[in-house]
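In the two complexes below, subunit A is the common chain; its partner is subunit B in one and subunit C in the other.
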Partner chain A sequence: MASRAAGQSPSRLRGPSGRIWPLWGRRLRPWLVPLLLVALLEAHARTLGRGSDALAAPSAALWAGWQLLRSGELLAATAFTLGSAAAGLALGAGCGAVAGLALGLMPRLSRASFLSIEMFRPLPSVALVPLAMLVFGFGLRMEMSVVAFATFWPMLVLAQAAVRQVEPGLIEVARALGLTPAARLTQIVLPASVPRLFVALRLCVAIALVVAVTVEIAANPHGVGYAMSLAQQSLDPASMLAWLAWIGVVGVAVNGAMLALQRRVERRMGGAA
Partner chain B sequence: MKGRRMQGPSRRPALSARGAAPSDLLASVAMLAGLVALWWAASHGEWVSRVFLPTPELTLGSLRHGLGLGAAGEGAGDLAGYSLATLGRMVAGWVLAAVLGIGLGAAIGASASLRAWLGPTLEFIRPLPASAVIPLAISVFGLSSGMVLAVVAFGAMWPVLLATVQGLASVHPRLREVGAALQLSRLGFIVKIGLPAALPDILAGMRLALTVSLIVSVVGEMIASQPGLGQAILLAARAFRASDLFAGIALLGAIGFASNAALALAERRLLGWQRP
Partner chain C sequence: MLLEFDQVAIHLGGREILSPTSFGVRAGEFVCVIGPSGCGKTTLLRAASGFMPPTHGQVRRHGRPVQQPSREVAFVFQDYGRALLPWRTVASNVSLALEAARVPPAERPARIDRVLATVGLTAHAGKFPAQLSGGMQQRVQIARCLAQEPELLMMDEPFGALDAMTREGLQDELARLQREQGLTVMFVTHDLEEALYLGDRVIALRAHPAPGRPSLAAMVEVPLPRPRDQLATKESPEFLRLRRELYRFLGHD
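Entry: the complex of A and B
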């Protein structure tokens, strides 16, 4: 449903007053509010908040960001965060998808494991940060394990639902054709549930990114989250704001890329709903 | 609406427990008991180091001691206090987030031009991790419990706000015509028609917001050293007290489970009138 809402939003956002605004004005309009906010912050930082340790002017933040980019810090930290998020995602969502497909195909096992899944699923992923710290120490493996835990459960539940929602007629056709269970899985069930699995994957990508940054802010001394905390602790608000804006940009870029990928998959294999 | 109903089973698995046959319930309990037995065997057999994996008995002992059920002694009842602190933070932040999110969301969602002005900005902030604003909040508000509460409310507000905007934007045009025919004012339309029609979306957003507020509360306690389960489990891990760590994790899981279940129940009650 989220995908459909996002797909509809541009047309909905235009609204009935679109006629007053020429096309270029409509393109420009979404930028006005952020620009106004940035200008306000700039004005504040240059007048009342001069020399503040808490906030910096957006222009100073932009300059700090440029310095971070030139020194290579920005890209190194981003690579660590994205890398550990991707590794954790591959592990967690991969296992979740396999387990979810298995449970979707075996209703009795699914009913038996219902209680156990519902016990573990609501556990907040950050609760595992101290445990991961104890087991793995700081670094890639710790962040990866927390991301894997966080993405495992949504994928498990959604993959199970994806298999359940495969058109029953298709399963009957497979039975009538006398396909073995393995052939039924690879030739009927998997292709039919790919669009739904992809929607689940997109959700898990967003979760993985959020959890990776959270782990870095909470404990792990690597990546963009830690760089941002460090900038705050060394009273460098310009760099801190630069990191914050960069985290936002990375989030939007990754989500946008996943949405575009999902649209392609849907065009080739049919929609999810 | 159609999409929502079709997603029902994945979003509300708790419902399927109601119709469960006794044999299924038995199998569920057996499975859970099997997992605990596996834990017992793994910790007693030292398949994994005891430093990481305490025995179930030790964890239960820590839990009893921490909740003040066992013998009195140093630290008895600490975990109960921490749990209440975390729970209070989570609920306070969540209520603030719900009030702010529904209020702002109704204002934005009811007006097409406001949506056009603010929509893209909201979409930009949506994927930003709530915990990413913690450093900013620390530098503005300092390391206080008010700071943690502000971050919890801020982080949990987005799901509610965006859901409210979306819910109000997709109110059926026929209902808008009804509102116009009844000559309802804009506020009257929002209160009497818009918000009730958007209730399923809003409640789904509030459910997500509850999860976010628990997570952000725990992270905030870890970073700002505010008393609570987040700080307790971090200190337990640093001191290699694995059984206390597991007790704290179990309590966090219980809070997550109970709050989720309570909200699912409330959702079913509140949305009863919408079901055909």
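Entry: the complex of A and C
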């Protein structure tokens, strides 16, 4: 009996530490490869790559990051980048959503505007930087406008599709119940589009971050992108890597926040989202 | 006559699906429309509800042509999964009918409670449709239709997607509701026994009408006493006779 029970659960065969190891092991396993890479980089920077202008030891980058945090630079630059990305997103995705919903509801208007949309949409948003710089100069408004342009088009296209894909059965229910056009929009079409609009929003959030950092690296002397390229130009790989890692952390955090928000909305909407 | 079909014909894709058909539905009557798939029974019901105009002829309610859906006519869709708002709770789904009818918010809770009690869903008022079984979801849809307080209930194969046990339970419940509330029901099904068990009258349609073979294959009064019983009624000689008679009409002749 005892041998059969042991055979059924091989994890118990790991001896006295078997009850602790799987628990810790499961938590640690995803971190194993990244930690190993960091350790390798650290070893490389302290031996072969000593004095390199391109790479710094992770410990040095960590220290540089700590200095940036203490000086307030880190948070100020992050606030600028996130702020302009959020403002641009609100403007671009907001207008895109409204325009997309309108086009989705009015097929005739959608057909009429198809050509103009397809002419502007493929324009790479970063190509707008020179124009935006001429119009707005350096600063928040310039970055915001490029982010807004970049997020407007995907939201427009996806919002339009979201409205088109509303379950036709629900539209019939609205007709059968005699809902007014306004109620049909607010009670049926909009809530039914929420899941797809959320996917579009998450896509636009990612685009907004990428474009904001790109604009800062390319032109705008503010934010984390500029700070990172400045560190690069001053041959300070430790700070540069610190900024790079920080941008990664911010990206992960923003994505995590969006996922959490999505789950909350899903729960409130009965698992519909 | 509450509802009149006057030479109603339906063409789809250039083909005649339903040849000109005339009949009437009296107030308080339970009329079942039966036929094989493709005979135009659902389309007929949709035309009678104002979702689409018939190709020829006219459907009149109280003598006036039906041109668009009305709140006086409630429609129970076959696919309950697509007819309920998944983001609204059971009570809130029922409330939609009241909101559409501009019932003052203060009156809504009491009316919602009443219809939910009628269909036995009081305990599930706060649940979302996805948390309910198919039979219960269809009850929610029926509750929403009852909340409209319609004079006419249109049902398009409402129990077609349910298992036999659930279906029989809901049939008895529907028969009770119709009796208690004096509803007029037009019920489309492809199940002969269901039509006979529920209907005061059964209208049998045939597919592929042709000259000399009109869509309206038969119209049969069902004089079985009410309340009916799943076993006793379905075993009665009269039920079996009607079943045999209709069976021949439905393309098995």
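By definition in this document, the second predicted complex is superposed on the first by the 247 of 273 C-alpha atoms of A that agree within 3 Å, B and C clash if a C-alpha of one lies under 4 Å from a C-alpha of the other, contacts with A are read in each partner's own complex, and residues count from 1 in each chain.
Rule of thumb we're sticking to: a residue touches a chain if its C-beta (ideal position, glycine included) is under 8 Å from a C-beta of that chain, and two chains touch if they have at least 3 such contacts.
If you're wondering where the values come from, they're calculated on a predicted model, not measured in any experiment.
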| item | value |
| --- | --- |
| Contacts of A:L179 with subunit B and subunit C, given as first, second, both or neither | second |
| Partner chain(s) touched by A:S125 [first = subunit B, second = subunit C, both, neither] | first |
| First (subunit B), second (subunit C), both or neither touched by A:G169 | second |
| Of subunit C and subunit B, partner touching more subunit A residues | B |
| Contacts of A:Q232 with subunit B and subunit C, given as first, second, both or neither | first |
| Touched partner set for A:S116, first subunit B, second subunit C, both or neither | first |
| Residues of subunit A contacting subunit B in one complex and subunit C in the other | 273 |
| Interface residues, subunit C side, partner subunit A - complex | 49, 51, 68-71, 73-75, 77, 79, 82-83, 85-89, 96-97, 99-101, 128-131, 148 |
| Residue ranges of subunit A touching subunit B (in the complex, touch as defined) | 1, 4-6, 9, 12-18, 29-34, 53-55, 108, 111-116, 118-120, 122-131, 133-135, 157-158, 160-161, 164-165, 206, 209-210, 213-214, 217-219, 225, 228-229, 231-232, 235, 237, 240-241, 244, 247-248, 251-252, 254-255, 273 |
| Of subunit B, residues touching subunit A in the complex | 2-4, 6-7, 9-10, 13-14, 16-17, 20, 24-25, 27-32, 35, 51-52, 112-113, 115-121, 123-125, 127-136, 138-140, 166, 169, 211, 214-215, 218-219, 222-223, 229-230, 233-234, 236-238, 240, 242, 245-246, 248-249, 252-253, 256-257, 259-260 |
| Residues of subunit A defined as touching subunit C within the complex | 167-170, 172-173, 175-179, 183, 187-188, 191-192, 194, 269-273 |
